[in-house]
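Just dropping this structure here.
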Amino acid sequence: MSQDILVAGNIEVAFGGGRRLFGSARPEVKVLRGVSVRIGRGETVGIVGESGSGKTTLGRALLRLVDVATGRIVFDGADITHISETEMRPLRRRMQLIFQDPMASLNPRHTIRRIVTEPMRFHGVAKDSADAETRVLEIFERFSLAVACLDRYPHELSGGQRQRIGIARVALLAPDFVLADEIVSGLDVSTQAQALNLLKGLSRDLGLSMAFISHDLSVIRAVCDRVYVLNAGEVVEEGACEALFANPRHPYTRALIDAIPLPRVDPNWLGRAAATEILA
Amino acid sequence: MADASRRARRWDGLRACLGDPKVVAGGGFVVLLIILALGAPWIAPSDPLEQDIILGATPPAWIVGAEPGHWLGTDDLGRDALSRVIYGSRIALTVAFVASTLAAVLGSGLGLIAGWRRGWVDATISRFVEIWMAFPPVLLSILLVAVVGAGVGSVIAAITLIDWTRFCRVVRAETMTQASADYVTAARAIGFSRSRILAREIFPNVLPVLIALVSLEMGIAVIVEAILSFVGLSVSSDTPTWGGMIAQGRQLMHQGWWILAAPLTMLFLTVLAFNLLGEGLRRALDPVMRR
Amino acid sequence: MSLAVLAISGLGVVSDRDATPILRDISLRVASGETLGLVGESGAGKSTIGKAILGILPRTVQVTSGEIRFEGRDLLTFPAAARRRLISERVALIPQDPMTALNPGRRIEGQLTDGLRLWRGLDAQAARHIALRLLAEVHIRDPERVLRSFPHQLSGGMRQRVLIAAAFALEPTLIIADEPTTALDVTVQKQILRLIRNMQHAHGTAVIFVSHDLGVVAQICDHVTLLYAGRIVEQGATAEMLEAPKHAYTRALIEACPRYDRPDAGLRPVPEEILAQLRAEAAAP
């Protein structure tokens, strides 16, 4: 059994392309160029980049929600790059996704109960509705979610509750690998800390391997063991968190770290310009 | 516990509907119309086809100096206006319900598929809709009547074949909007099949728009039927229809305003009722809009 | 002690619908050339204070007490029209979302020169001249092209620069910056923060900087007011508050911030007891 749960080798993703009805070619946009990442079992790997870096597309590609033009994706030893959706289906239980905006990722016209129990029933994780209910109550208890939430609709809950339900829905499937896509962006600092704690605890107890996408290097430092820095569709630097933050080598990484304001007054921060600063 | 709450929620929708003033007002009027239509033989005071030339063009009974017994007066052939209005509701409602349903099913079916599948399926359906919309609707109606013959059937066919495109375009747009939402990606990540996602994830979110469109369409259908019978393209001239009565009433305006007023008022109230009902249903049934 | 451009004392705002207090006993001051940070989590009331100053509170909400003294005069006692005129000319807003703050259907030139033509009575030519100068001041390399563009043709950072230029156009004495960098990438954020600070120094404007990000506030604010549930928890000079916070909530909030230089930071939410205590204090009459 290999050490890695998910390995992506040299993947390229492009959008657009093809031809129009009457002959002229449509412009193609390369979102990912030759990106290789690996996620070890039990590891939490960070993927950091700003808007347009391709980090979200990378996440979707790893989960086969977006097609790759070239490259290989290997999940638990099996090559899943081009397998059909039917073959992918049983694997999907084992590789799940938590979204940034729980308001958008929870079906507004489904009750919470339906949202969290349907996937379990579909994959046979729960034997019947009674079993599903038990599991749900267990995880709600653990996540400090009120049982009354189950009969409500997403818009009737708070942002923090929705976020925890998004995580619960995934946890109930007991996956091997979880992709967390900017799940704490836009949250208050305290709610963010709660969500990160929850995630860390869950990952420890379930032995999850995780890919954590974020634009915030400070958040990545708090939860990840290793990190990949993405810029314009390419990995510009990677390494263990401690080493990378202590000694960033690539100028983009240095610019990214330098741009983060710490909650401690630093009179030199504003004036200090990093090596590469691109005026918008 | 889960089952109990599910049962309770089923009645939630009904309770919300009955509590909404628009649903009660609009729905109440529609129910009244249905009762009138179904119970016409027993409710209408006289036979709508019975002519009595002597009593031709008499004013409504509640006006001073009129003949008793005709609450809304008579037309020039002595036929009781009230009975004709009541019988007219049969045609109006039949056309409204059947034509809107057919147009909705045809149009939204194609719209959902086009919006979800995209690619060449969408391109084909969209081009087809565009070409179809280029046909002049009046010409189409006349053609249908000429080929199939006058009658409720051809009126319903005409409305369905013209208005399905409206459903198709709106439902397609709404489907595309919903399809790009994260909850659809979440459903794909769980592994649901494409048809399941369309039916069980996307459709409930397209439904509110559909309800609004259907109720709008019912009002339109009633008016189109009235227009077609106004120009004589609908059912035979003896069968009472609101449009036919309006045509008559227009010609006899000088002899009696009531011949025109009754069917016009009914038409107005019916369309209003459908619109109110649609708006009210949309709010009451949609958990997102319900407070 | 320099003269306060804005001095709020005892401000109270209540929601009409359920009589819940949205703001209670808010007092703060900003002097010209200074930046005051308004910090708090969402729902704490920081945007409400900004709206109260600008006179754009929603209709369902009322000011019940206190004064808002702008350049010495209490805005709350002004008749509506006079207040609107005063605010339009002397107070500007840098909004949060550059995507939606600009009208997508109009070119930048129109949107930049609106205020100049309305309040300074300038003609199109003169206003355009000033607009070009402003765009150069915010370091936009090709101001002619930007003036001709529509908002969707510019990047997020560019749009925010345009909005900053628009804010400084009428030489206001006070600028309210409502989370102006929240929607931007972190590298762009730093450039924009530097720009705001430099422009402020150049024009001597007072700035109220609303944010939920303690890191941002630490770097550009001279003083900070921390809010929770519509009340002030702690106030003071930035350096003091961050290094030696007096209130437990302030301390807990600082500890809850993740830091790239400390792997154990960012995982301790504010303890529920502190929040419960604050809520109890807020509910007390």
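Per-chain numbering from 1; labels A, B and C assigned in written order.
Criterion: a contact is a pair of C-beta atoms (placed from the backbone, for glycine too) under 8 Å apart; a residue touches a chain by one contact, two chains touch by 3 or more.
Given the structure is predicted, the values throughout are model-derived calculations rather than measurements.
The chain closest to the protein's centre is A, with centres computed as averages of CA atoms. Farthest chain from chain C, judged by C-alpha centroids: B. Work out the mean CA point of chain A and of chain C, and you get 32 Å between them.
Spacing of chain B relative to chain C, judged by their CA centroids, is 52 angstrom. Separation between the centroids of chain A and chain B, computed from CA atoms only, is 48 Å. The part of chain A that touches chain C in the complex is made up of residues 50-51, 188-194, 196-197, 200, 215-222, 241-242, 245, 255-266, 269-271, 274, 277-280. Looking at the complex, you find that chain C touches chain A at residues 41-42, 139, 141, 155-158, 161, 185-191, 193-194, 197, 212-220, 238-239, 242-243, 252-254, 256-270. Only residues 1-3, 5, 9, 123, 181-183, 185-193, 201, 204-205, 207, 286-288 of chain B touch chain A when the two sit together in their complex. Those residues of chain A lying in contact with chain B across their complex are 21, 60, 63, 65, 85, 88-90, 92-93, 96-97, 99, 101, 104-111, 113, 118-119, 122-123, 129, 133, 150-151, 153, 155, 169, 173.
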